[in-house]
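Letters A, B, C and D name the chains as they come in the text, with residue numbers starting at 1 for each one.
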Amino acid sequence: MDKNQFALTPPMGWNSYDYYNTEVTEAQVRENAEFMAAHLKPFGWEYVVIDIQWYAKDAGSQSSRYQYIPFGQLVMDEYSRLLPDLVRFPSSAGGRGFKPLADYIHSLGLKFGIHVMRGIPRQAAHSHMGILGSNVRADEIADPSSICPWNPDMYGVRPEMPASQTYYDSIYALYADWGVDFIKCDDICREDAASAHAEIAMIHRAIMKTGRPIVLSLSPGPAKIAEAQFYAENANMWRITDDFWDTWPLLKDMFRRCELWQGKTAPGCYPDCDMLPGGKIGGCFGEKAERDSGFTKDEQITMMTLWCIFGAPLMIGAKLPGMDEFTLKLLTNRDVLHLLRNGRGARQLVRNEEEAVWTAYDAGNDCGYLAMFNLSDEERAVSCWIGQAAAAGGKAYTGGPAVELWTGKETSFGSGCAAALVPAHGARLFRY
Amino acid sequence: MDKNQFALTPPMGWNSYDYYNTEVTEAQVRENAEFMAAHLKPFGWEYVVIDIQWYAKDAGSQSSRYQYIPFGQLVMDEYSRLLPDLVRFPSSAGGRGFKPLADYIHSLGLKFGIHVMRGIPRQAAHSHMGILGSNVRADEIADPSSICPWNPDMYGVRPEMPASQTYYDSIYALYADWGVDFIKCDDICREDAASAHAEIAMIHRAIMKTGRPIVLSLSPGPAKIAEAQFYAENANMWRITDDFWDTWPLLKDMFRRCELWQGKTAPGCYPDCDMLPGGKIGGCFGEKAERDSGFTKDEQITMMTLWCIFGAPLMIGAKLPGMDEFTLKLLTNRDVLHLLRNGRGARQLVRNEEEAVWTAYDAGNDCGYLAMFNLSDEERAVSCWIGQAAAAGGKAYTGGPAVELWTGKETSFGSGCAAALVPAHGARLFRY
Amino acid sequence: MDKNQFALTPPMGWNSYDYYNTEVTEAQVRENAEFMAAHLKPFGWEYVVIDIQWYAKDAGSQSSRYQYIPFGQLVMDEYSRLLPDLVRFPSSAGGRGFKPLADYIHSLGLKFGIHVMRGIPRQAAHSHMGILGSNVRADEIADPSSICPWNPDMYGVRPEMPASQTYYDSIYALYADWGVDFIKCDDICREDAASAHAEIAMIHRAIMKTGRPIVLSLSPGPAKIAEAQFYAENANMWRITDDFWDTWPLLKDMFRRCELWQGKTAPGCYPDCDMLPGGKIGGCFGEKAERDSGFTKDEQITMMTLWCIFGAPLMIGAKLPGMDEFTLKLLTNRDVLHLLRNGRGARQLVRNEEEAVWTAYDAGNDCGYLAMFNLSDEERAVSCWIGQAAAAGGKAYTGGPAVELWTGKETSFGSGCAAALVPAHGARLFRY
Amino acid sequence: MDKNQFALTPPMGWNSYDYYNTEVTEAQVRENAEFMAAHLKPFGWEYVVIDIQWYAKDAGSQSSRYQYIPFGQLVMDEYSRLLPDLVRFPSSAGGRGFKPLADYIHSLGLKFGIHVMRGIPRQAAHSHMGILGSNVRADEIADPSSICPWNPDMYGVRPEMPASQTYYDSIYALYADWGVDFIKCDDICREDAASAHAEIAMIHRAIMKTGRPIVLSLSPGPAKIAEAQFYAENANMWRITDDFWDTWPLLKDMFRRCELWQGKTAPGCYPDCDMLPGGKIGGCFGEKAERDSGFTKDEQITMMTLWCIFGAPLMIGAKLPGMDEFTLKLLTNRDVLHLLRNGRGARQLVRNEEEAVWTAYDAGNDCGYLAMFNLSDEERAVSCWIGQAAAAGGKAYTGGPAVELWTGKETSFGSGCAAALVPAHGARLFRY
């Protein structure tokens, strides 16, 4: 089994976090999955991912004080393995875990994913619980000094203890039994979590042992560029940013991050720009009233254009049911999504305070792409010497039509210079 | 009540750690106290301090793997307050805590101290235990991200929660009830424990509320010089070094630390050089075979001379019963201990790679002190222009005899220059 | 000769920088000195110090572009020794250097000082000039990688070359010949000038060799607390701050710095808070129009009170002729200046965001001092438990009158608590 | 003109530094060039590069004290432009500069390069020399605080002064007149030379203005990965390492550096691993006796294999005349050099403490490459799952012969796993 076969193109799906925070229920997951099956699946969207704390009782009930209730009750089996909260996920009753829900997702022709934290539950360590397939107990593999600075649920495990691998094997075997297709593993991918390095390798081994092609996504980020090869050997996605939300400074900064990570994308290996916070989001944050994305339409086009030409995974953050027309169109542009899946050799040609230009190439269809971004606060003519695209390994422009993929309008670049009038914070994406 | 009245001269006593590690028993404490009462008390020694993990069951039983058993069982009352392990401290049965032992220590004319870690037991937080005098529970004041990097017992508390103060009040009230005279609070005094700052102030307030003059000693160290005033306002002692053991590089380095902290000593305020690892030590470390201090006799003289002229607290690390003659003499030199208690204005006059010279002044008896240290590896004539002592605020030398306090020999400095032949790593201490 | 005899109390004087920047002339120096002799000398003011670039031709002529003209012409003799610019210091003609001006200053009963940069002129190195008393040339002792980041005049010297000491000896011999009483040596006292450490010792040796008691003042600062003893062994003053100017945040921050350095003051050894930017200043900065100090009157009282109770050197930054009545009174309060010269054991008793309290003791007159500062932005009653002063080594208050030294008003502290209503950013200074 | 057209494949040549240090003469350059023309040119070697201080009189004459004589005399014209030292480069007499030597190199069918330091000569600034085409003088554009920490010749220039660009234009115009084809610009490419960023862009502009395709190589390194795009826009080569010499730890570490920079190579854009210190080197270092490279033969094979599959520029460090047979063969293996020029998509497949594996693909000839390195200290069988190469974008192995390019031996990989017995520190390089 080769982990690079698990996701030959960037994974596309939906993640519960941006709308539901820690509180998503089975009914909500089903609703979103049904919407995806009906409206998005034909365009390639397939993953339905439940984010953090599906195992936490009363999650969200003290949200004015904590995002994660400290020392709250986590649902576990006798082997220190987290199980879904029965109140929010009633189909997991009788020890069936996420299997019924995964089966339902699969019945829609979709794939099922969950979020987990690195390590073993603190409560399992303090209660000296067992580990499936081992005589060693949770308290012996948990490292009391290896904690997550922002979430109180887990202790990291001791890499030098063979039972740590046994524990990871036991939980990933359970996930495989449930039918999990995608794991977003958190607290494992950032400069200040040193011991996490060994845990990434342990988790990769555990997945390989399951025999199930479970996509492994690492969070939070920013990942370390000097570890790029290591991530590529052990995971399918790794976040190149801390949490991404709907503000322009974060989006503008993503151009710097993509510049750094360009050339590190390959089948099965995806630097990850985090979820797409468009549409309706924030339903279970703050005042618990959903809000529209803070991005303008042009900013959302910029976001989609960058993610797709860079080749980043696409994970929708919005609540899907009731999605507005603009957002739906943004996410279902067949030409743009074709670029995401078939573009190769993505390269940044220009980046400065005012603009950015990227190119990519689709060898199968022998067509080139040119994305022109206006990073300034006013409308602006962005231009680029078209020979650069070829020089950077993209396709040479030899005359002929160029189609702007968001508007469908055809144009021609003339002899030497591609140019476009681009609105503030907006983008134009050409195929030629 | 003024905390600077609690210890008008540097505290002198014995601490269980250097010999007994985490494993000391009531019987051993009594033995050591009895020796102190018989042999050391006449010279000013009075504190008997039980160091870390007196509340931990089975402490030391897995010492080949851990110094502190992770997630081991801690003895607590229903209010999250640690209690002595009954196996090692049988007199604490029946909820009497350390009171019987403290009473016995007091009956010998001595004072009683214990070590505690900053914060509240992790197990109390995970078990949602109560807090005396509050409706708030342990899990609400414990901060799951505030841990000690080297000991697994506690979580720091949240300074913004009033119940955190209530908790500290409740444990110090208990210590006062027991008759505790001295608290060595650990994991609270070093650059990398930021939140500890607030906890120092909370503990000081808790002590003030008890009405009992409990000396507060902060560990581990090195304390921050920029916080010197803060320590002086809230504590009686603060370690200026990480753990000190019996190797020459650590002793030599103490001269650098004392230089930095000179002038910061005042009644009730003592920069602390840690325990004196002379005599028999290490009984419950490593192979659990006691060993003689790794210091040469000259190095031990250097250590005592530096601690006494600098004005540091003296805490014996050795097992007391069976103490050898040399060590006993070292610790009971009345003239040297007089300097410790009456010296003022201690100043370093010289420090380089080869030698150091310190001076101090005893106004009550109008006598000056001059300590000459040989930091080099060969015998050496150390000299010092005697006018410097006066210039540095010490006593001018006007001729007349100078007594070397370790040998009792009388000499005279001549007109301008004090000089002495000092063995490698050794010291000479003159009163004039 | 003992450098601690050079300045038994904190030096008091005037420095040309805050008003004249790099441009002061002989006539201006004389004017200021004459004012000092007439109005300030009776109160203890005595040093007249010419600050940076007295050796630079055309200094200030390109002030809109540079404070220091890069690669400008420096006046030197054949031995790489800087000489006064003849245009600005005409009395130095004929190779007489600063001797005529120093003589005049001395004739007024005052003392004469100059500023120098660490090292040897770059131009001397590039021109391979000689060194008095050595066959080695300037290019051999200059270290091309040892520069001042903010001034282009000099290279540091190579400590391993004996001729570096010879060079320093030669310039300090010249300064002694001129009659210099005070050297402010710059670019030599801060964390990022590592090689400067060795140069401090070389300069101290050079001064000792002159046989003239030249006070040595180190700049810029902040000096390193861990080097406190080293400074005390080699210099008379060392700046504990970068340049100090007339803004409240800098003044408030000085309380933090004084806290850190308290207890490090002794006869001949003075942590230095920099010049006093009161009165008329800034005459040769920016638009070259003099301005009134940006400090309010209360802030100026705070500044003088802090400097005097802390025991810092006092160097007036203002232009002296035409000084206003308020400033003159501020600088000539005999009671306050008596504290400066006779106070001992200065201690900070309180410091928080809103207030600070300091105490000191005058043993000769057996009186205590209590300074109460309001660091907040509104009038405030500052209070202090009077026993603290005694506990901190100051004088106990036993009833009787307390005089506020700025107003002369008499009060009484009552039994336990000294209290005063203090205006925003202001101070009250009591003698009892 | 497009700088990416200047060097469509990695530059190959010889550099004087590793043998001649600062002292190379015209006669030696000619000798080396002649050897290259006779023996290496047919294999693609073409650049002859004179390294540091060709403008310095007496360079090397004080080598026991300095590598670079501080404040030594530099040859310049009236416009602050460095010229060759006449003693070492006699053909430059009469203001002809390097033109005669360049002409000779060109007559051999080779290309000519020189090393320069960032900035303008210090002596030009101190002497207020002119700048060609500007009224501004050297002292106005030189920044006295912008120095090279290890070489005393230059000051960086002020980017905000237009005359700084004029100066760079003037020197690159001169180099173009001379016929220079390659510039190695030093002190410009490393984390601690912040201002160098602007100077890189100025130099690129200056080269574009000359109309001559001068390859720009940046030193010293390590370059910053976050600046990769910036280097690619302005230069042709940038060092990813500090100076590389003939010791195994440096060679082993190069694998880490190549891992970091993989995917950043493109036509005209080359991460640079520094010169090849094989053969006879060190002739003008230390005792000034040439020595054989400290690398074993296997290590040299490893070096060449890594540089060629990674696609790094090849610059011979050895003295060429009298080159031994082994070294000559190492540098003239047509198959290996074909890989250097035609390999694309170089990827590291494996790296750990013991081994490394790289792959690359030659689309024109549809052949793949697999390099297997033994990084351990003992002979070792290195193996690699052959499917990885294809997965990483290389060529799939479909059976058939694989040729080891250093030995010419043919083998077959079998179905799934390429394997080879590789000597300690050695390499095997297969084409399939």
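Here is the rule we go by: contacts are C-beta pairs under 8 Å (C-beta built on N, C-alpha and C of every residue); 3 or more make two chains touch, one makes a residue touch a chain.
Bear in mind the structure is a predicted one, so any value in this text is a computation, not a measurement.
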| item | value |
| --- | --- |
| Chain A-chain C separation of Cα centroids, rounded to whole Å | 60 |
| Cα-centroid distance, chain C relative to chain D, in whole angstrom | 53 |
| Distance between chain centroids, defined by C-alpha means - chain B, chain C (Å) | 40 |
| In chain B, residues with contacts to at least two other chains | none |
| Chain contact topology (line, ring, star, complete or other) | ring |
| Full enumeration of touching chain pairs | A-B, A-D, B-C, C-D |
| Chain B-touching residues of chain A, taken from the complex the two chains share | 70-71, 122-123, 125-126, 128, 139-140, 142-145, 147-150, 152 |
| Complex contact set, residues of chain A against chain D | 2, 4, 225-226, 228-229, 256, 259-260, 262-264, 266-268, 348, 351, 387, 391-393 |
